[in-house]
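The same chain A turns up in both complexes below, where it pairs with chain B and then with chain C.
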Partner chain A sequence: MSSESVLGTGSNATERGPRRALGWGFFLSELAVLFRRRRTWAMLAALAAVPILIAVAIRLTDGGDGRGPAFLDRITQNGLFVGLSALAVAIPLFLPLTVGVVAGDSVAGEASTGTLRYLLVSPVGRIRLLIVKFAAAAVFCLAATLTVTVAGILIGLALFPVGPVALISGDTVSVAESLLRSLLIAIYVTLGLLGLAAIGLFISTLTDAPVGAMAATVVVSIVAQVLGQLSQTEWLHPWLFSYYWLDFGDLLRQPIEWSSFGANALLQLAYVAVFGALAYGRFATKDVLS
Partner chain B sequence: MTRSWQRWIPAVAVPAVVAVVAVVGGVATTASADLPDKTPQEVLALVGASDVTSFSGTLFQSSDLGLPDLSSISGASGSSGSSGSSSSSDSDAAGTFDATSALELLTGSHTARVYADGTDKLRVQVLDQLAERDVVLNGSELWVYDSSDSSAVHSTLPAPGDAAPGEAASGDVPTTIPTPDELATQFLAAVDPSTDVSLGADTSVAGRSAYDLVLTPRTDATLVGSVSIAVDAETGMPLQVEVFARGDSSPAFEVGFTDLSLDAPSASLFDFTPPAGTDVTEKDLSAEGHDATDAGPGAPASGAADAAEPTVTGEGWDAIVETTISGDLSALTSNPLFAQVATPVAGGSALQTTLVSVLLTDDGRLLAGAVPVSALQAAAAQ
Partner chain C sequence: MFAQKVTDLGERASGGELAIETRGLSKRFGRSTVVDGIDLAVPRGAVFGFLGPNGSGKTTTIRMLLGLAGASAGDIRVLGQAMPAKLAGVLPAVGALIEGPGFYPFLSGRDNLRRLDAADGYASRATRSARVDRALERVGLSSAAHKKVRAYSLGMKQRLGIANALLTPRELIVLDEPTNGLDPQGTREVRALIRSLAAEGTTVFVSSHLLSEIEQMCSHVAVMRGGRLVAQGALDELRGAGRTHVRVTVAAPDAALAASTLARLGLARPTAAAAASAAAAPAPAGGALPPADTRTTTDAAAVLIDGPPAPAPAPAPAPVTAPAPAPVTVTAPAPAPVTAPTPAPVTAPAPAPAPVTAPTPAPVTAPAPTPAPVTAPAPTPAPVTAPAPAPTPAPAPVMVEPPSAADVATATDGTGDRVVEGELPEAVAAEDVVAALVGAGVRVRGFAVERASLEDLFVQLTGEGFDVVQ
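Moving on, here comes the complex of A and B:
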């Protein structure tokens, strides 16, 4: 299917001039390939199911006993908390799982279907290929996070009363501001997943077996979270890419605590730089045989 | 071959650059400033002359007292506390300020945001993951809010002036108000028999240059090695307190600003209305106003049983506080938390931390002090 993209970039290049069009055309065709796949839609549907299941379960059982994920006990009073509760559930496993699939497949998938060499025969440099693959994975991170958030807000609107939102500081903000904060949280979580996407891209350049790369990426995310739980590895915690994942609550304080947003962005930037460079080193020296 | 080698250069260089930036960034925050030389007395006078009452900042507190991490336990009891507070709200320290959360604040590390405007407006936000505990003081209105179980405690303070936060006890106001300089001299004279006051190297806290006031006990009988107080060179405001255990180079307890702004915070921060659906408890502070005065190491007992007036033996750093618990001891000792932190010793149970020891004797006496457990046992035997 990526052979289509080769053709696509070729036709774009003749229209708009060689260099710029190549980058954007290739990126857009890569996105088209990604979001035309049934697997991508299946993963987004599974992510959308998380808030729907939570909301329906709460609706049927009429609240809970105060246990369970964050914000669960507030859903019956305000449906806007469904999306936040679903994010807290999806962040440790479901989101890394889907990101691992997309990022792990990025290069190894092309290699296994034999389309990688066609991509490289066409005037697509290896650096550009890596950048476009990473950018597509980043767009998927945003799409996945927004899916959970938007599905949560919609099902919350449908099943529960909606009103001004009580922040965790105890202050109350309007519905409009809470939607804005939900969008900010989606961006925050997306940023947090970029480091994992870069790791997945690097692993994907190591192998021709996409399933292996996907599994390895997911395992890395689980190992990072286990290390983050152990008090014996406390010195390591701030360096783990999963360190700030559940700190999205800082955007629900009054006033907003921006420090974790900046620290998260910086940490993920470091991961992207390191694993992007490693991926380049591996991919640029790799003999592409398939 | 050489080209292949060259292509790995970024793969080596970028991690190296990231590592260097990370290390340099860490060093830059601890870089010391070069301030004009002062004597300890001058720095103390600077503290006394400090008139900062409006600020907003982020406090970081961390304890390494050798206690097990209790955050998981207290989290469990915190959620069950909402059901318990409705039944036993008569005399217990209500809701968020029970002994468990006091202990929890002494273990692990916490980040809190502090907003103050004048002496009668204060808001402290203890930032937990996906939750927050708030204390809001606005004039005589006091709110304590816990988002994890959506509970709030509301109190009205007896007189607005009495509860000035962070102020030293001003019980005996002298007829002539001493200058900060005289106060510093008096303080130094008072602590001199027990404590050596000196100045360490200039430091930097929350991006501000600070003097480092070091209090070192003159006795060897205490567990405390030294206390280090960073004093803002510009305003005289204490920025950081570190307590070192004897023979330890990293602080056993530290609290300090990581971020500080001297601008007055937004007034809307102090207007607190609990959100709809909050479990609000009204608490009358006028009857038991002295309840929270002794929230030191003896705090575990104050929640479970009423404590008699304490007696202090010795003075200075190796003083021992002794009190008798008149309530039911089994209620305390059967607490799973108690088994977690206390170890049985000859004559009772002891809680040993790197800074403070607490001994609960079998006959219901509670001894505490910044001394080894053996010193408490010796005092209990007298």
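Moving on, here comes the complex of A and C:
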């Protein structure tokens, strides 16, 4: 039968597009579903609380003894460092946690609400579904890091003096450029989270229980960081997706040290490719019985 | 007869007139076979009832039809296209409700539909709002469209699920248990909806475990049992499908003559199914069939219709029977000649001295472990009682019908009358049978025609009772 007769003619033509759309509609719908969940906003609010807590604590105690996460000691001189300091705090746990929730929920959550079967018979192709789910998770990664960065900058502006920023290399850049660099760092951190998002997507195709997939993804990120701390597994370190997570300081040099940015992007791309392929292999032929 | 009609359907299949066609479709999970080689043939434009008890493989079949689960063996064609190879081309023309509704609880009913519509790459975004609203209106959810699905009742979710199937004009709509959770009013509305869809030319494939539902709205029906398709065809064909059963009580010496006369007329050997319902007929309404009878019933039905023989037929209790190939059954002597040899086509014989079913002592029946009491055939006008089956007491293990439903030519017992049974072909009138018997010189003592109801048939086919009322 020709595709025309499947699509129908006459009155159907107005209700069905002449050909398949590219999928932006479904991607936008996916984003709408993601960002209309109260859970998503709760997680973003929790992330925004990180720089606020840091800034308020430092403001109240008037500095500290210089210990703590990166850039913490510079905050009293320049509020623009609140965002960077908060990122350094959020990267090991809070960001992987939220990414694990979104990525782990991506397929398993649809299965548990029973919407997966309806999406698939709509029909959404299985590959398309995986791509859209991953893209939505990536958008969430960006939203999460931007939330930390922007909330940090805003609270820094409110509580501390703001001026030209002294970089690690000793140079000083204007406020405008420092904001640009903050954006660059947010992108760097987002890139670093994509590997984890791909792992979460893969785990999510293994089960119909979203909570299990979320927990497993978070555990994977913790295990990777623990392995990254052990000197016995030093040979493994460059292969861990968390290896470049805290190296965003390289973007605060003049000129910018792009090597870690590139290496990070390459490593994450490899993770996305491997776990994307695994997710496809698992999901493409999976019996959807939920 | 019935098998013939199934074949006809299959032939039509090659003409591309089928909305759904499967060949040898099977699904195995590990060692268990959930769907076992079914050959579905759903004609276009039909309202096709897919009937079977819970766990008979209906939903798994539907999942395979829609490409959600892969088949272990067999071919599927939906709307003339191979599935799941042509899935992307076929599914936009298919609306489905699969094993209950599935929605995002944190979105409103309308937003849920918009979401699923956005997932359909062919659906036009320009007309989305209008189509969503129309679908909601069609299932009577317009006023609740803005509410979060979390606040919906089960029935409302079910309606929303049906609305999802109606978002775009479909050629085929698959509804898995569409009236689950609906109140009687909702059930009526869904039935009306399905009829209106059929009137528009949409093929509707509706699964249910409720016979009454299927009976009221379907033109065609398939019956699943234990993963197998045990019957399929137009509902009317199923209704009339050779279920007319003739029991003739004759003087003992004439039994052979009667049997050969019936055979000459083309009366097929009776199914034990019919015999079983005959046995049950005199029982008080609402009583249970003896388990062994049920067993027999299903075996025979399976033989008659489409399915393979059910496993392990109950062993015949005593070799009353001589397995001869004659196509007519002779059984159970009725010692007291009760009925007059009237040639009336349908007689209600004189009240039998022993009004209850076959051998009361009951050691005959090997009680199969049927958990639930099988519902007795409801008091339909059809089953007219057999003449006084008052059996010989204890030692002689006589029963109404040997469970194997084997061809029985003569019963060994020579006393009294004999009962000769047969299935009446559609072409032969009951009157002609009597006339032929009398013409052949058979002393006819009683004559009964039984027509099994649809309920009987389904109980026989599936081996368990359906809810016949809702």
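By definition in this document, the second predicted complex is superposed on the first by the 269 of 290 C-alpha atoms of A that agree within 3 Å, B and C clash if a C-alpha of one lies under 4 Å from a C-alpha of the other, contacts with A are read in each partner's own complex, and residues count from 1 in each chain.
Definition applied: contacts are C-beta pairs under 8 Å (C-beta built on N, C-alpha and C of every residue); 3 or more make two chains touch, one makes a residue touch a chain.
This structure is a prediction, so every number in the text was calculated from the model and none was measured.
Trainee: With the two structures laid over each other on chain A, which partner does A:285 touch: chain B (first), chain C (second), both, or neither?
Mentor: Touch status of A:285: both partners.
Trainee: Which partner does A:61 reach: the first (chain B), the second (chain C), both, or neither?
Mentor: Neither partner.
Trainee: Touch test for A:231: chain B only (first), chain C only (second), both, or neither?
Mentor: first
Trainee: Have a look at where A:37 lands relative to chain B and chain C in the superposition and call it first, second, both or neither.
Mentor: Touch partner of A:37: chain C, not chain B.
Trainee: Touch check for A:77: first (chain B), second (chain C), both, or neither?
Mentor: First partner only.
Trainee: Looking at the overlay, does A:123 come into contact with chain B only (first), chain C only (second), both, or neither?
Mentor: Touch status of A:123: second partner only.
Trainee: Kindly list the residues of chain A that each of chain B and chain C touches, one partner per complex.
Mentor: Overlap of chain B and chain C footprints on chain A: residues 285.
Trainee: Which residues, counting only chain A, touch chain B once they are in their complex?
Mentor: 66-67, 70-71, 73-74, 77, 88, 163, 166, 168-172, 231, 246-250, 253-255, 257, 259, 270, 273-274, 276-278, 280-282, 284-285
Trainee: Tell me, which parts of chain B touch chain A in their complex?
Mentor: The touching residues are 4, 7-15, 17-18, 21-22, 58, 69, 79, 82, 113, 125, 127, 129-132, 134, 136, 143, 145, 147, 149-150, 152, 259, 266, 269, 272-278.
Trainee: Once bound in the complex, which stretches of chain C touch chain A?
Mentor: Contact set of chain C toward chain A: 16, 63, 66-70, 79-81, 87-94, 96, 98-107, 111, 114-125, 127, 131, 164, 168-169, 171.
Trainee: List the residues on chain A that touch chain C in their complex, please.
Mentor: Against chain C, the touching part of chain A is residues 1, 3, 6-8, 11-12, 14-17, 19-21, 23, 25-26, 28-29, 32-33, 36-38, 113-125, 285, 287-289.
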